[in-house]
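Next come the structures, one after another.
After this come two complexes, each holding chain A, first together with chain B and then together with chain C.
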Partner chain A sequence: MADSGAAAPKPSSSVKLVLLGEAAVGKSSLVMRFVNNDFQENKEPTIGAAFLTQKCNLPTRTIKFEIWDTAGQERFASLAPMYYRNAQAALVVYDITKPSSLTKAQHWVAELHRQASPGIVIALVGNKADLAAEAAAGDELGDDATEDTDAAPGAEGEEDADADNADQRRVATKTAKAYAEEEGLLFFETSAKTGKNVAEVFTAIANAIPEASLKGPRGAAGGQSSLGRQEDARVNLGSVRPEGAKEGCAC
Partner chain B sequence: MSREGTPPPLPPRPKNIALLDPRPPSSHGVTPTRPQLVSKPTTQLSFADSQTHSNDSKYESSSSSASRPHGLFGWNKPKASSDADAPSVRSVIPAAEGSVETESILGDVLGDHGHSLFQSLGNRFQNQESESLFLPDPDLEHAFEQEFNEIEDIDETGSNEETVLIKWRAKLKHFLILSSAGKPIYSRHGNDELITNYVGVIQTIISFYQSTEDSLKSFTAGDVRFVVMTKGPLNLVAISRLRESDSQLRAQLDALYMQILSTLTLPSLERLFAARANYDLRRPLQGTEVLLSALSDGFTRGSPSTMLGSLECLRLRKAHRHAIDNALLKTRSENLLYGLIVASGKLVSVVRPKKHSLHPGDLHLIFNMLFEAGSVKAGGGENWIPLCLPGFNNTGYLYMYVSFLNLDHPAEQIQERPRSSEGIGDEVAVVLISANKEGFFELRGMRDDLINQLQKNGSINHIRQAVKGGRFTCTDIVPGSPLRHFLYKSRGNVQFTMPSWDPYFNTLFDRRRLTCLYATLHAQVHAKPAALKIIHETTTTNISLGWSTPLFELYCVAPSTTSRAALSQAANKIVQWVRREEERLFIIGGAVF
Partner chain C sequence: METLDKTKWDVVIVGTGLQQSLLALALSRSGKKILHIDENKYYGGAEAALALQEAEEWAQHVDTGSATFSNAAVTTPELSQSGSGQSLASARAYSIEFSPQLLYARSSLLQYLVSSKVYRQLEFLAVGSFWVYSKDTSDAGDASSPSTAEQSSRLGQLLKVPSGREDVFQDQVLDFKAKRALMKFLRFIAEYEEHTEEWEEHKENPFSVFLTEKFRVPAALQAPLLALTLSPSGTAETSTTYALPRVARHLRSIGVFGPGFGAVQAKWGGMSEVVQVACRSCAVGGGVYVLGKGLSNPGVSASEDSDMVTLRLKDGETISTKWVVEEGNEVSSGPSQLCRSITVVSSPLAQLLPPLAEEAPSPASAVVVFPSGSLPLRPEDAKEHGAELPPVHILVFSSDTGECPAGQSILYASTSLPGDRGFQLLSMAVDALLSSVKESPSPAALWSLRYEHGSDSSDDTVSQPPNHVLRFARPSLDLAFDDSALDRVKDVWQRIVGAGTDEFLVFEDREPVGDEDE
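Here is the complex of A and B:
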């Protein structure tokens, strides 16, 4: 699905996006799924930050994501503002098997609300959905996950994991979803491993960016700081995605 | 043993205590004789450890030589010549050839025909040429094969505890890092639970000696060498069965320490412990365990670079390297401090300010991060990495832009790369370092300009060809050379060169045995302060040479059917070859602004 296929060039614009969240929740894996449609077990931790780009074709326009994948380790925390300062979108990721990672995500959301551009689009993403028992059922969005099946045991540190394929979910969908609604965030449960909902998150973000803040390929607001500056980056074309890109996001 | 609550400070297993038994008589005052890894900039001439000539080149090994039937020979008998001559090639070799020794004579007789002579006799040396340079050592080989396997955790019931411990003890090499309060910070093998007892013992021993104001440096237990290095609030411990010298192990510990500084900087390391002696350093080091392990495994596999405290460069024609240097200078962006092009772990070109040279130790950390650990590769895209280069300045951070190139499509960003370090064959990285933490897009712009230039002037092609061409074999270099392998270090350039591992050293184990041999020669060459030293060693399967002058160090090995004279001649030819090729093999100065 080459995004250059359309004959008439659609208006295209760049969107700066930053991934934030605790180490090992799967930020880099989500990006790798989005950009390369690939997944690695036991991925090595990110050091510093990685910068990647990927195009996303919407019916009326093309969005080029410029993605900062940050390392979640504490020692890099002070560098985070550099990456979100001029971002138009943020993916705040937690791990549905690890309640403390949601707490960390909430801190990031608060920090973004305090410090990032006021119009920033934030998506809260609960990753590793494949590890939840209902994952096998393959329900489409986290939104309408059945309330009964995801009744996660509230006890956080409790070791009641049984067999390998037991439900490892420790964060109930409705808990995270309620929080996301309260804060006005997009919300998805994803699996970088299976690809579930990954393209959807990016498409939803692309759709949620206000038309007004898209000023052409070089143009979004406030590009003066060096890390926020736009550059023409080469984009990886032609990655093939098995789980269909529903909204025409060609990524 | 109870696995709950705080473990006892000493392990209950008498076996372990015996293993850890220090032997004070042999353990003290071993001072490193080789230059520290960080001590010399790459581009500056300095002969830190060249001192007076030795007129006693007959070296007595302090380590066990039971496995070496022929013992060790000095090249020159204490003759006037070794004193008086300048340490040049010409002056040394004839003396060696002229020395009257049974072996030399035998060698002269056999000469290059030795092999066919043996063959015609149909004796057991028949297939010497295709045989290993080393006697089989199945125990070591087995241990080495297991060396990099993960040790599983002790399970809930403790039923596998014994097997896990056996596996742990069977490791040929351990690296442990603990705080001076005894808290474990890093261990290459085994989780906390497993190592706690050992850490306790080691801590007890270290603090015992510290309390006597006589700090423990190293000791031997059985065939295991323990080396302890105290650096501020940290104790670093190397435990090796690979017969490396203390100073070699110390250089390895030093590199691990530099990796920690690279993550934290010295002031912040000190601050963390000043606030709380019991501080758990693993938190701020989170995510860098892979870097420490990649370094450790490199040392266990055998790292010529660390042993020699120097770097390898990609062999390029002088004019080609010059064109790359010029492209770097031309596209240099305002806030650039250092710029490097690195191909599969070999330096291609460097751009640097006149007043700052690059330290091999710093470069080694960068190469380890880029080519061994996989952290950067695995991420894909371009990277922006804060790091401290302790050889440059251990108090602050620099920011490193990294972009891997696809040599066939250099204008494209590589988004995806093979994970394992096997795949490093043709990886080329552009590394641009700045003190400006917001400099990413500036350096990214420079990268684009640079790639443009390199494409325009044909340099990408030259790099691609050099990478694809790989290293020479010994016989490519000197047709008919009996050498199977060598290491040549140019002291002045702090760089080394070597031939390909193939065709004789195809497995990691073959290479490890070779690097063990080099380590032995290296240790002997560095054991005495003298400017000119030649070490000559023979076993039933190989004959080897270590040769050190103020200009270079050379280590080489040939099958035992090679005579000493032939070996010395071959060594001499390598030196001549390097001299001819110097500007291709080494970066002399680099691009300076």
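Here is the complex of A and C:
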């Protein structure tokens, strides 16, 4: 589980995670929930963080997520490949009340397969699960509860005659889940508003990151690009010793 | 997609090179309405880092589209013959920098990255040892059986530059007299600003003449000191007044962020990473980013509103803005030019990256300098021109930089010798470097790219009528980041916001900072 408390001396690695998805699906809100356990209703677009970190303690190791938000750069499709090039994990988010957002998510998944590192762990996340019918929201991930919606032929995008305010779901769990299985993605429905499944997504990603890719590049076998952060090569700019240079210098 | 047509802005920044991106960062909390565009599909302009495939496309198109780069060509050697078994990994495993540069620890850029808090999003690595190529050492090295200490500081025809006083003392190649001369010089340079009388008369003299006449530093020791200047000019053209501050900068930077190294570089693509985080900070502040969007030519015209200028974009959209900031104040490149080559090598070249010191981070790169005249292109060259050829610098990047896969490395070579002779000199230097590293199978070039890289002759920011159109000079081609770029950014920032200078790039954290750095 996500937890920033003091950890036992376990091996710790940094993992770059990028957030992708259509505007207003709740990308930043998901991260704010994960990092700060906080939710803001009617949050303005693009405001927020471009970069957040949060630790995730697993039984055998600690994963420090470096989470890269899109900072609104998806608006004019101005997120360049360098944004996700060295990412080890991606969270592709759609809004369960907006079928077009799943289409956009599928586009991002294809883009990641084309441009990102071969071993990237991708999680497909249907956000705003709190807006689905009460019955569905309370249950385990849409196995039985959303059967009705699933059964409706072409439920996606169709106007539901019986749609009352209680159920704004327009993307069937089954549809998205089937797609995720086909593409080998982790899949969750979440609510940044209630916190449902948010920590679970990150824990699942942390567990899915292969141990091997966390080793330093020099330790890894040649050929493939290894994305592991090598902590012993990192220079900490925060540790500047103002007077240190005098001593260290050759004069 | 949304359109930009008829939109109004406070500041339009054209191009996402390092200077424009740092300006965007500086303006990110100003409350100004900012549009930042780049005609390329990638961020970074001349400071971009691209995957192999993208770099090949870049090479095909750059000659027509850019005044900064010319004569680009990609070579992929026939690998079937070498039989080394090593081959290129997927194109995405590479990140090729077009303007690789070292960042000395005392650079104001690092201070500003810290004061603006964006440094948390960057990962910095240590630049490792400096090596100097000597055409004379190979025979000597074979004759006397070298001790182990000697071996670690000598690799084929490459000699490691001592990184400090202790290194000098332990060096077994130097004789006592040479050591004493060197120590005397090192004591002087620690406080050279206060002892102008020592060097005033030599100001315009070559640095090598100053070293000889003032300190009796033997010729063999001048090459490493010159190497530390990273001067692109030949020995005779590298003046004392140019060299002293640069050698001092090198020495004073050692130890600032840790023992044994004085310069750093950002992982995953150097300055292109700095560009990325700077632009993202501006986007978080509300700045709008559009790639693949350029100004038409001429694109700037006066507006009916005297405070505004009208910009015409290449796709016909028209926007208006109070300020426009561009880069490049000459139509073609000025006389300042480098020939560059980039070579992906089938070996990690680990011998060039020995540990720096105890407790030091492992070095991600090395600098190899081929002094002026050490690589004669042709025997008759020396006679024909009288002057020695300029030096060649090669930055050796290991896979720790994130720019190539494990088991390989990248050589970024450059020289100020122009044209085909420059490219020839670069390939000689690359060959000499690879043959100095005794490895089996011998390291081979897997891919290479060469191009000429130009800059502006003046580094002034040009203000054109109407007055709110500003053009940065293109960044200098210095192999160590030149802080004057920040002065230019600060100047433009100040004209736009009219604020006091101490507020430049000083920000609070936007987001809560958890327990940092274990």
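To be clear about the criterion, the second predicted complex is superposed on the first by the 169 of 251 C-alpha atoms of A that agree within 3 Å, B and C clash if a C-alpha of one lies under 4 Å from a C-alpha of the other, contacts with A are read in each partner's own complex, and residues count from 1 in each chain.
Keep in mind that, in the parts below, a contact is a pair of C-beta atoms (placed from the backbone, for glycine too) under 8 Å apart; a residue touches a chain by one contact, two chains touch by 3 or more.
Everything numeric here is computed off the predicted structure, so don't read it as measured data.
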item	value
Touched partner set for A:Asn86, first chain B, second chain C, both or neither	second
Broader residue contact with chain A after superposition on the shared chain, chain B or chain C	C
First (chain B), second (chain C), both or neither touched by A:Ala23	first
Which of chain B and chain C A:Phe51 touches, first, second, both or neither	both
First, second, both or neither for A:Gln115, with chain B first and chain C second	second
Chain B versus chain C as contact partner of A:Lys174, first or second or both or neither	neither
Touched partner set for A:Ser12, first chain B, second chain C, both or neither	second
First (chain B), second (chain C), both or neither touched by A:Ala77	second
Which superposed partner A:Gln40 touches (first chain B, second chain C, both, neither)	first
Touching both chain B and chain C, residues of chain A	35-36, 46-53, 69, 71, 73, 75-76, 82, 225-226, 229, 233-234, 236
Chain A residues within the chain C interface of the complex	4, 12, 35-36, 46-55, 66, 68-69, 71-73, 75-78, 80-83, 85-86, 115-118, 216-218, 220-226, 229-230, 232-241, 244-245, 247-251
Contact footprint of chain A on chain B as seen in their complex	263-264, 283-284, 286-288, 290-291, 369, 373-376, 378-387, 400, 411-413, 415-416, 419, 436-442, 444-445
Partner chain A, residues of chain C touching it in the complex	1-2, 41-44, 49, 51, 54, 86, 89-90, 92-93, 95, 105-106, 110, 113-114, 119-121, 123-126, 162-165, 168, 186-187, 189-191, 251-259, 264, 268-269, 272, 276-277, 279-281, 283-284, 286, 288-291, 348, 361-362, 364, 398-400, 402, 405-408, 510-512, 514-518
Residue ranges of chain A touching chain B (in the complex, touch as defined)	23, 28, 31-32, 35-36, 38, 40, 43-53, 67, 69, 71, 73-76, 79, 82, 225-227, 229, 231, 233-234, 236
